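Reviewing the structure listed below.
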């Protein structure tokens, strides 16, 4: 089971001006083959399908707990996309074409299907698909897949970072580069334990430190590259049998923290009358408010 | 953010003998257009995209908290599929064709791609797709969609129940019929508050009470048709402004419970050497166990 | 614009016993790459996109009028699939698993998504897609495509005929072989006029006369292989500039008939309580009937 | 069966200058999830699959007759897209790159696959798919779906209207907003009769009157928001048992008209030599014309 | 079996400045429905599936040998796309956004998924699919399909040529127009032999000579429009039973050449540090070079 | 460029009786995510996209030469599927339903779309897609991907072997297990050279020697697990800088062979009149033979 908290992993700057094409590009990190929907669902399905959970508990705990973190990543990329649309269009009568700025933008779904918010699709508008999930049941093969998946995801994040300098996008990517780095290392360590091969010596792939990204450094400075959370009140503690020793990139001790980070408030989104979202006028609002308070 | 608990919503019977074609049919309830992947992702994306969360908090809380329950539903359907494969194949040397029983079964992916476990696809093997997510940002339209989605999902569940009498499948469906019923009612009540139209008078659709399903009755007897959980330690409490009054089907008071149900242990899955899952032999196991205990 | 008549092109026998797997195979002729959805949409989109309709009126009239016939073909294949499901399942309480006979059938969507009726997909359950439409705007290329499409469609029909001996399926296929033959010939004649190449000499492809199919012969005996209809009260009469001379297969004169064939009644379908279709019980029915008669 | 008329539902202005990106956006209203291909095929398949047509004739007649109108909507959106490409490219020798203006436009298929005409795909170029069809066979559920589908389609139309001020696009959308409004109301009334729930009180969704759109008003002034056509010479007359009383938006009497509206001529499209469409030069034309007149 | 040569069919100019949107358009000729992936795989699968290869050897040899040429076409289009990206982005620290020029380009996959190289997809980024392969096993139908496919492919090439004046794109298209012309003629001649219908009289479709394209003329001048290669050291020689007589377009003798053309060197591609490709720094390079030379 | 030889890599037994469902399962190894279409196209596209081919020649040569071997694998799996259909149906008049045995088989496309031969799709009939190609341009990441891909492909082969005991299927799989093993080792060695990490110590994954498969042993006995071919007359010789030393599984020296293996004849396929393949009757044959010999 899962519990939800009405907070997200880090605070994101609410921009004055968004950038719809940056939002379109960031979709790759959400619903692309190597986006957060893919990491989430790969680990979720693998955790359900894990055979001999008891016998191989630390590996199960690793995959299961990272699943929960990935939900939060999906949340974070969603929020950054939603913020990146700020100020793209204007409010007015339909006949003045208030959505005209959307006509030449890259992702028309974000103007027609949604109210300028994220969809489970990629940078070309193609829907995320369950074909992106690999779950063979063979422990070594699944771990190897996950290690590869994290490195592919890292590559895409680095490239999207290089495509846009919008601070809201970069804050999100900076943070995810650091957290993705811990996952790559965790799967490397799990693979090493399972096979004896020291794959972590390959890291980082691509061969550029996270510290080379301005927006990643604050999270490195907080030590977030050394921590795995259990993302659970009581469970998944055996990840500490895998996540132990020192971080090969900085020599600092690896650390398991029970639970979640403290997080930050989820930004609210303005209403967007030109998209009819949420589409509740003042009269309706008052009538609704009364109904909501009845019989309480 | 999300936290994970290593329990699932109800206990499922571990069968002596599974039924691979029943497992294939149950996939529709997981990765089909009206499967739990769809309810999960619809509500998740809508909750991220919700505009004016503060102003319309009870509606936001409703969509956001049900999201968390849907994760648990995805988990439950996964586990039932994984259990339904028990005893389908046998263990032995590759040359005796230990997977031969899979050759004529409906879903070959469950023998080739997975170790006889679930995939994010439907009853015909087609992958779940993000195209199944609707998130218009218009509150009334999104609520209407969700109401329709729950009724479509209910129809599919009722039909799959009628296709298989396997107890493990039916336990899961019986429970989900009851819980899905609360979600349909919740969206009906939210729609009523938002629009003044008493759509809950339509229910149930299809017009057959949950009590007509043997495996649903135990959950009705526990009163699970009257309860919404917040699925959160502290948040989403305003759902009680919507979930109030009495249940029109039984006249009993509706009730909001903070947090989650107690749940049940997640069943472990046997190893399946003919699928190389998890594929760790005794020697490897001992070597691995030693490495896991090192430096603790 | 289109007008609809509540009749279909031929009468179909209502079978005592259907055959769900034959229904599944027949889906290829509806929603497959060479199914009637494809012929319909190819000609419909080409007719809309036709440049210089006035200057090249006979060609436009040909594509436009055949479009209307193809709607009727889609209708006919739908009806045959819907009839082929007769008697596959039984009625009863959900707990006796009244849909159990569907569990091992080829197309589970026909039990879960529909009430044992047709869907716009093919024999493997994959949805028909707009990618099947070719509309280049080049007259010769479009005609060549259509000629090829008809021959591919003919091949598929012949093969499905050979897969099932169910009379309802074969009546439909027998008729469509004859009508498809006229379309192949019509496009051949149009191509010949446009290019001077006598492509009709290739026919039939595959090289087996329609008369070799028992269920096609009645329609040949009616002369349906010599007729093109305009499928319009007044328009598309210039097809007679293309459809003229004699039929190379039988030497009989080709004939254009203004309007449509007389057709036959559309068979009604029984209610199917185990699918909750239409799901209206006697009480509801009476209440509804009263409302329908109010204020008339 | 269907008959075709060589007219379309309204006249469209033939523009001096089109707008290829507006054409791309309008594709969403043709081949998108909520486009006219979807309404057409949903109602068409539901009408074929309708169980107990005789017993529930007014409902059957409603779905069946609206199907025919939707063909005309598909035709209208096609024609508007085809007109919107006017003057985008220029004619000349291939080496001067006469299609160069297409290189940076949103939908490259409209330059490469078609001769700047419509395809059955959406605003991002993805093909329409049969997955968009819902046909459960349960009357209440299918009506609820159709009601939701019409509101989703309305939302998309309103948003595309706001994206482009091109008159040809807006004429089409203005008309379809009015006609779509009648369909939404018709399904609302059918639902009300079937369930007793007055869902029409929700309308309009989104909460903005059609009269707020300049290009919709002429059709409102003609009373087109009060009329359902039977789209048939003789059949489907029982829709008047549903479509009766007054229009809740304007208090005027609802009216059923046997047959179709009078319609308007279909605009012809210029030849486009740079696309080789139709690709018939003057010599060919004369040779062809002679062949067409032979043996008449 | 296949052997590979490290050369490609013609030399391509290495441009100073590429054009990312031209690269995107050219993808249609690689991974579109009528792209080289389609011709390659159609002929490859047909050659494997050919029944009675011995009895109908010349036809088998034709399809089998053209397959090998199509591999080379896939190679050529790939290389032209890869060259067309030259100089689109710049090298630098991630924080200066060195990939910023990719943000507004048409195909974001070429910046995120690849290092600005080709993918098996089309001009809208959609992946090539096996659905594009037709292999009925009926000789006449397969030949007719291939004839149509070549003409569709020709149309798309002509249109892309008209969209971009980039020399590297045009060199490739000019060559492929000539070679595609020989394939169209070859299938026409094969069809004529098999059916007696002189379909080659239709050619060219569209009705514009290759000589009207500046970049095709050099290859015509080399006589490449009269030659079929066997693409084999010893096999497939019976194509000369089909490829004989004179070229109807120029009256020159058709000629079969055993083996392959001489070809040209494959252009090397610069490293692209902003894409981390190949991502080997100087230190790594030296260490690797040493390992490569060890134990030789 | 590529040259073709009319031979395949090994001889396959022509069976008296095929097994259509085994043929369906084997499709996974052809057109599945981990099938030979995927290995072929991954390496082909990576070889085209390789940056700094000269500087990193041994790695380029490795990817480029294995591409050519994969063509032969695609050929081999195709031929085994085509042979596996032998004797499934019978010949006769359409009215005796000669394809009736296909009605309940798993892959209806093999009866309707093809003449019982292979298609580029997987075991559930879904088409192979270009989405299966990974080509990041980062050398380490691409090598890691290829290593993972080979292990996934190995897992699928082992499982399909266990599903069917048909000798024709197993001969092919036995051979491909051995050859796939050399590719996995080759990428492991390349990765080791590039990164210093001895990933080959992980092998085999899954942890079961090829020698445990009866049909693999003959190829091991021939030493095929120690050999890489260059698949070229003159090129790609630098693979010997990677493929050197001894095979860690057997301690024998690794060996590079210039060119290809000798191979075996490609089996001919009987005509199949019930599929109209090739559909040439005796009269036609004689007429055609005469035309083929004319003017030689």
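Chains: A, B, C, D, E and F, in written order; residue numbering restarts at 1 for each.
Just so we're on the same page, a contact is a pair of C-beta atoms (placed from the backbone, for glycine too) under 8 Å apart; a residue touches a chain by one contact, two chains touch by 3 or more.
For each chain, UniProt lists the protein as follows: A, B, C, D, E, F = Manganese catalase family protein.
On a predicted model such as this, the values are computed, not experimentally measured, just so you know.
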item	value
Contact-graph distance - origin chain D, target chain F	2
Between the pairs E-F and B-F, the one where more C-beta pairs touch	E-F
Interface numbering overlap (same over half, different under half) for chain C and chain F	different
Chain separated most widely from chain D, comparing mean CA positions	F
For chain B paired with chain D, centre-to-centre distance based on mean C-alpha positions, whole Å	38
Distance from chain D to chain C - Cα centre to Cα centre, in angstrom	22
Residue numbers of chain D (touch at least two other chains)	33, 113, 124, 126, 131, 136, 138, 140-141, 155, 196, 206-207, 275-276, 279-280, 284
In contact (per the touch rule at the top): chain pairs	A-B, A-D, A-E, A-F, B-C, B-D, B-F, C-D, C-E, C-F, D-E, E-F
Parts of chain F lying in touch with chain C, wherever the complex brings them together	93-95, 97-100, 102-104, 107-109, 111-113, 124-126, 274-276, 279-281, 284
Complex contacts: residues of chain B adjacent to chain C	21-22, 24-25, 28, 32-33, 106, 123-124, 126, 155-156, 158-165, 206-208, 212-214
Interface residues, chain D side, partner chain B - complex	33, 131, 134, 136, 138, 140-141, 144-145, 147-148, 151-152, 155, 191, 195-199, 201-202, 205-207
Contact footprint of chain B on chain A as seen in their complex	1-9, 31, 37, 41, 44-45, 48-56, 58, 64-65, 67-68, 71-72, 74-75, 78-79, 82, 113-121, 127-131, 133, 135-141, 193-194, 196, 231-236, 240-242, 244-245, 259-261, 263, 266, 268-272, 275-280, 284-285, 287-288, 291-293, 295-296
